[in-house]
Amino acid sequence: MSSRDPVFGWWDAPPFIGELIQSLSGRGRALFGLSSPPVQNRDLTGLAEMILSRRGEVSGAILAEAFLEAYRQASAPERDAFMRALLDRFGPDRTVLDAAAAAYNTEPSAENIARLHEAAEPRRQELFRRINFAKRGTATLVEMREHLMDMLAKEPALQPVDLDFCHLFSSWFNRGFLMLRSIDWTTPANILEALIRYEAVHDIDGWDDLRRRLAPADRRCFGFFHPQLEDEPLIFVEVALTDHLPASVDALLARDRQPLEVQQATTAVFYSISNCQRGLAGISLGNFLIKQVVNDLKRDLPRLENFVTLSPIPGFGAWLRGESRVTDSAEIAREKQRLLAQLEGDWASAGERELDQIQRAMLPLGAHYLLNVRRGNGRPVDPVARFHLGNGAQAERLNFLGDRSPKGMRQSYGLMINYRYRLGEIEKNHEAYAENGHIAATPALRKLAQPVSQEVF
Amino acid sequence: MSSRDPVFGWWDAPPFIGELIQSLSGRGRALFGLSSPPVQNRDLTGLAEMILSRRGEVSGAILAEAFLEAYRQASAPERDAFMRALLDRFGPDRTVLDAAAAAYNTEPSAENIARLHEAAEPRRQELFRRINFAKRGTATLVEMREHLMDMLAKEPALQPVDLDFCHLFSSWFNRGFLMLRSIDWTTPANILEALIRYEAVHDIDGWDDLRRRLAPADRRCFGFFHPQLEDEPLIFVEVALTDHLPASVDALLARDRQPLEVQQATTAVFYSISNCQRGLAGISLGNFLIKQVVNDLKRDLPRLENFVTLSPIPGFGAWLRGESRVTDSAEIAREKQRLLAQLEGDWASAGERELDQIQRAMLPLGAHYLLNVRRGNGRPVDPVARFHLGNGAQAERLNFLGDRSPKGMRQSYGLMINYRYRLGEIEKNHEAYAENGHIAATPALRKLAQPVSQEVF
Amino acid sequence: MSSRDPVFGWWDAPPFIGELIQSLSGRGRALFGLSSPPVQNRDLTGLAEMILSRRGEVSGAILAEAFLEAYRQASAPERDAFMRALLDRFGPDRTVLDAAAAAYNTEPSAENIARLHEAAEPRRQELFRRINFAKRGTATLVEMREHLMDMLAKEPALQPVDLDFCHLFSSWFNRGFLMLRSIDWTTPANILEALIRYEAVHDIDGWDDLRRRLAPADRRCFGFFHPQLEDEPLIFVEVALTDHLPASVDALLARDRQPLEVQQATTAVFYSISNCQRGLAGISLGNFLIKQVVNDLKRDLPRLENFVTLSPIPGFGAWLRGESRVTDSAEIAREKQRLLAQLEGDWASAGERELDQIQRAMLPLGAHYLLNVRRGNGRPVDPVARFHLGNGAQAERLNFLGDRSPKGMRQSYGLMINYRYRLGEIEKNHEAYAENGHIAATPALRKLAQPVSQEVF
Amino acid sequence: MSSRDPVFGWWDAPPFIGELIQSLSGRGRALFGLSSPPVQNRDLTGLAEMILSRRGEVSGAILAEAFLEAYRQASAPERDAFMRALLDRFGPDRTVLDAAAAAYNTEPSAENIARLHEAAEPRRQELFRRINFAKRGTATLVEMREHLMDMLAKEPALQPVDLDFCHLFSSWFNRGFLMLRSIDWTTPANILEALIRYEAVHDIDGWDDLRRRLAPADRRCFGFFHPQLEDEPLIFVEVALTDHLPASVDALLARDRQPLEVQQATTAVFYSISNCQRGLAGISLGNFLIKQVVNDLKRDLPRLENFVTLSPIPGFGAWLRGESRVTDSAEIAREKQRLLAQLEGDWASAGERELDQIQRAMLPLGAHYLLNVRRGNGRPVDPVARFHLGNGAQAERLNFLGDRSPKGMRQSYGLMINYRYRLGEIEKNHEAYAENGHIAATPALRKLAQPVSQEVF
């Protein structure tokens, strides 16, 4: 690659692109424009139009800052209105699009396809890109999508706008741009604070609890960060190093436990994964994170042999109580009733014999729920199961009373599960799952699910 | 923003997106897949198809690494063939596109527009995004476009592929993701080496010359960097701090000059801007850079009042010699002939009187060339003029024998120009230029251009 | 400076020094000595002798590591014994010292003085320097002095050992080696944790309280760090930016206060200074810290005009209750009794009128205590007063009920004081204070102290 | 360790220390003293007295800055005079010292020893420590010693001053405070520039040569840095990774050589060690550096088995030509004459047979020189030999024409030697060498030295 070529210079954009992707203004303008009054507009739609205008070409950054300021101060109804305007007024230029569609219909050449693709791009995409010129642009765009997501339930017609956010974010938050960082007790407090706020699986009860998860030698935590959101993890995973396949998160998080010497560890347990940015829902992060962390742990601690989760089964309780939309066979329904009858009051404090009975009733139903209860598209009803199985993991073992926290008892009557990421079988498992919904599971688990008659789905 | 909402979790992608932007494999897989033989394929097109296949969903990063390796080893003809395949085989799915176009024709709803836009996206866009999962993905994609650009001259049919590169890069190299860094004599050597390699305006003659441009207290250098290309500036600008409007680059770069005390500086001179990545041609970088640097300099050195360039006029020589495609009036043609006759042999070493004569002949023609000689679209013929005037700068002063280097003498018979970025007039200048090609210039310069009769363009 | 001189090389230590400061072993030896069994000795004195032996010359670092390990595992009595051994067995070589003293007595030449100085250096100084080769050497030496300080009260004969620690630390913790760092809410948690632990003036009540002191825009915190103790502040100061001279720490730290816009701030209030390393007691840190922080604040916020403290008066309560060793005049004793009589029960919650009475009785006694009550050497009895007045500050204003915390009420019945660091008078104030114990104070404060008859001291 | 003890605070220095190590001024004063005229004194001795005065207690840093400025501007004779004043006027207070000596003579108690040690400390030690308060204090003190070293040859009486510098530097540049840093092609240019300047063994011929030593995968470079001299390596070592014991530095540095794959490397060759700070001569750095680098290399590249040098024999040429002060036996003298007769003109370009003859004559003399030719104290005459053998290395192999550079030919007629750092024998070798001058050498080398009769030393 050489730029010494006498005819080549930074000004030599191929002309057709030069026109296309015109030069936009930089931040510096703040200074230049001292004479002109700063933009005080609070009309979001008007500002958005200005950003896309010729003025936006040279003063993009300053207008973007003005827009962000206005958005910050806008009321909820004003934001609602702006979201609707994004749909109504910032779609593609219909005249151009019609012409491009016509040209394509006449002659579907590569050039006409390119023109059609370009013409079909909603103007809001360029708007989003220009809003990103401002300092906290990316963060604000993520927040804007959060606002939109809250509206979607009632106004599904806004989905095309959401699609544009997704399209943009899946390009900007491409795996190649994410930075994996180790998080520990030497991490800046403002980032640790985010962990406390965003932990979604097993609540972190203040700084002392957080310290117990980060500081001991047998604990690890990793997060993905994005260059534009430096102080905000996108997603993080908490890992415990152990010498066995753990059955209970209460034991993992016990206050008085003795840390394991790292050299003794054979197993890395992913016991909590939490997303931090609701506005990035649907953007693939978790599977990349797990695989990267497995990779890095194996490199640094070659003695590690097992990479497992200790996961919640968030849908089990609702299904057991018959709250889910899935139809069970009569036999299953009976067994659910029988088990439910036992799960009254403070059952978890019952005697050993009684607990043993409950366990013998619960495990087969749990295995059945995970392996057999599917959605219309053949995927498991349980969302965490969908995630790990879709990543190529294998369902390994059910753990009775693995999570005695109020949340764990409510969600799944304390039942937990280990998924295992087994070297060399990920791709095969994923293939089988994607092809025909086949779930990788241990023979023991499969057998557990058998006594209960197979659901039709 | 709260992710504590019990029904929300990282697994809860809205389903229609979950299907759309499926989970792709991470780097970690390298480890998982120890049993399966590493991908040794050298067929670029085949690998690209594999990346887009279901296997690519879970093993995207490992396949991307394999692709990069194959691309690295590919011969020029193999790369050529791959570029053509990008056009022929990695466009949109025509069946889907036809259906979407038909639906749009029937009912141009927002939803159908969204579907049309999505359907019209060439498959190579997703391919590029997945190639980016690999470690040097971004850098390699930039190199791929360089290869493509070399082909474009002979195979203009490939332009739709180039458009897709541009579309991607203008999203990824969005101003919001660029990092401005000061470059000086404490900068890592591998980055400084890039300056020597990429300097496009005034060649840097080795490390001692570079040191003279970076180390003195009255010199500055700034570059844009991208998080994924850490060790590679994208573009950089060299700045001299002076107490006057400089007329000669030779004086600015003189070996034996005395540095100015920074407190004495009133003027920041941008005497060289160079792009480093040919594969990013057409992506707006230079105007952002200048404006940001003006901003930061003004903040740190409030006494600075003038922000000017000392710029080459790269097209002047060719135009004077009649090599350009522009048609001159007869009178201009005569004057050009007269001047050319004086510019024989080692004319720059002539006596004062003779030089004075030449200067009096050259300056009006220079002013005419800059202000009056236009392209078909009304923009100046000179590319550097287009850049700075399009950014809102003003043409300030011509400098006779401002650059006596062989390159300067060849390009423009030593003639240079200062453009001035004047606070508060940038936006107005840009507006007038964009609206009707009006060029901001000092009265003196405008007067210089008058004696020569106005060109029709 | 040139090392190109052909006769000079890194091996060319002047011979007399080469012998003197012999080459000692590095850490690397850990590797070299794989064959020889690691040192398992737990006899601290024996290990110390080994470190000073010829073996220590080449294996100093490995022996130092062994010593640190042994010290870590030693019991308190073992450590006590080692401290005594430092006194008894690691003084100077008496034979050499006697000879040097004799030579000096005979001929007090510069050379003989040098020899005497060298001969009088206790062997423990070299021991300390070699212990410092190990990884946490400096930190452990500081801890060793802490242990020694605990012994000193009962065994004052150990003071010569303490002197050697001090001598070493005042060289190693020289101002030139200290790094001032800003501490805020983005500081690593392990460092913030140290703040909570070490805050000595106004207790920090957990992480939320800490956040209130660090995160708001009108708060600052700075600490000195040492390169060898990276994660441990040596001393830190908490600063509030205000627009007035504050009278109450409770108001400064109120939970619900509104932060001030930084541009409104005119005053920097140093409301807490805490040492973190008890083992560095007596090493000058606080005065350097205050002056450096004033310097940096003034540079960054030129609008700041006042640099004041809001300080405790830790000795006032004890003096008022007659617990101090100072003899008061009969009149003062009477007034103290009168005031004490009022300070019964929950007096701070009394009505306005009663509080007013108490205030009118307390302030003159407070002013008298600060300005007139001195130690034998003419310095104030109050330690905080000694510190700030010795640094050149001026006593500014007494604040009734400035600190209503239990500690504040116990120490000084809530009374606080502002000291002011007034530009341009520091040196003069220090001079007068050092010369004849003159205390810089405002006329108002001086007048307050007058009604009470002057103490003789 | 707790500073919560209510009676302990940062102000509570044990009083006897509080007086001893009085609080000194900080940098901040620059600001405070705006009213008072800045110190413009150029009298170095007067400034030094001021620094040690009471004014220095509170304004130490500002006075230190003034002193540095004055020293910077002082002429060589002025600096000479200051060095003499350091000897004459900044020794210990003689009255105090006499009293302390008398007390010691009367009663040699630990306390009196401590007082004697303190009293014998020259005032210049405290002066140096206070000069270090200023920004470039440490660097300037190192330069001051360089100046002193230049004077020492003619004025050996100044040695006591040099001793004080050494005493200070060996405390400040203690191994525990040195930072090992890897130096490569991504290191800042200003540091790399120092390598070019300071390389003392095999000259670096500009930046391209430097790049060849740093950038290839089979090259390493490490340096010690000190926190106060961030941009200045103190000492650095250049390492080549090879798969054999190298015999020629010319081959190691050949322009056109092929880099070795790092995985193939079995041997780390230390082919150049250079000190950068002449003012630190005599301070142990090199042996620590080698051992630390061996340690780190072995950790990162466990396949490395051999740690050897390829070293010059700087004294061999002078000894061969009879220029050294060592007396040889008649037989040796004859052999030297015979060999010298062959080393005429461009002998290194002679035919194979002739070179073979020369080699057979030179190697035994080389071995004899290294193993048998000693100084009065039984240590080898050759300085590089003293260094490596004193560190516990073993003399391994002589290499004929290992260094054909002009410098190599002049110093030692091209002869080089490998020293080997053999795991597990360092300590034993050092012990034997230190005890009775025994040199560790291979049998082959020892045999080579035999034919030549044993020197008496």
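Think of it as A, B, C and D in the order they're written, each chain with its own count starting at 1.
Criterion: contacts are C-beta pairs under 8 Å (C-beta built on N, C-alpha and C of every residue); 3 or more make two chains touch, one makes a residue touch a chain.
On a predicted model such as this, the values are computed, not experimentally measured, just so you know.
Averaging Cα atoms per chain gives one point for each, and the point farthest from that of subunit B is the centre of C. Rounded to a whole number, the gap between the C-alpha centres of subunit B and subunit D is 50 angstrom. Centre-to-centre separation between subunit B and subunit C, using Cα means, comes to 57 Å.
Inter-chain spacing, taken between the CA centroids of subunit C and subunit D, is 35 Å.
Shared interface positions of subunit B, defined as residues touching 2 or more other chains, are absent. Working note: touching chain pairs come out as A-B, A-C, B-D, C-D.
Residue ranges of subunit A in contact with subunit C, taken from their complex: 185-190, 192-193, 206-207, 211, 231. Interface residues of subunit A, counted against subunit B in their complex, comprise 1-4, 8-14, 16-18, 20-36, 54-55, 57-61, 87, 91-92, 94, 97-98, 101, 104-105, 108, 110-111, 113-114, 116-118, 120-122, 129, 132-134, 137-138, 143, 146, 152, 157, 159-160, 162-164, 166, 168, 170-172, 174-177, 179, 198, 200, 227-228, 235, 273-279, 281-296, 298, 314, 383-384, 386-387, 390-392, 421, 423-427, 430-431, 434-435.
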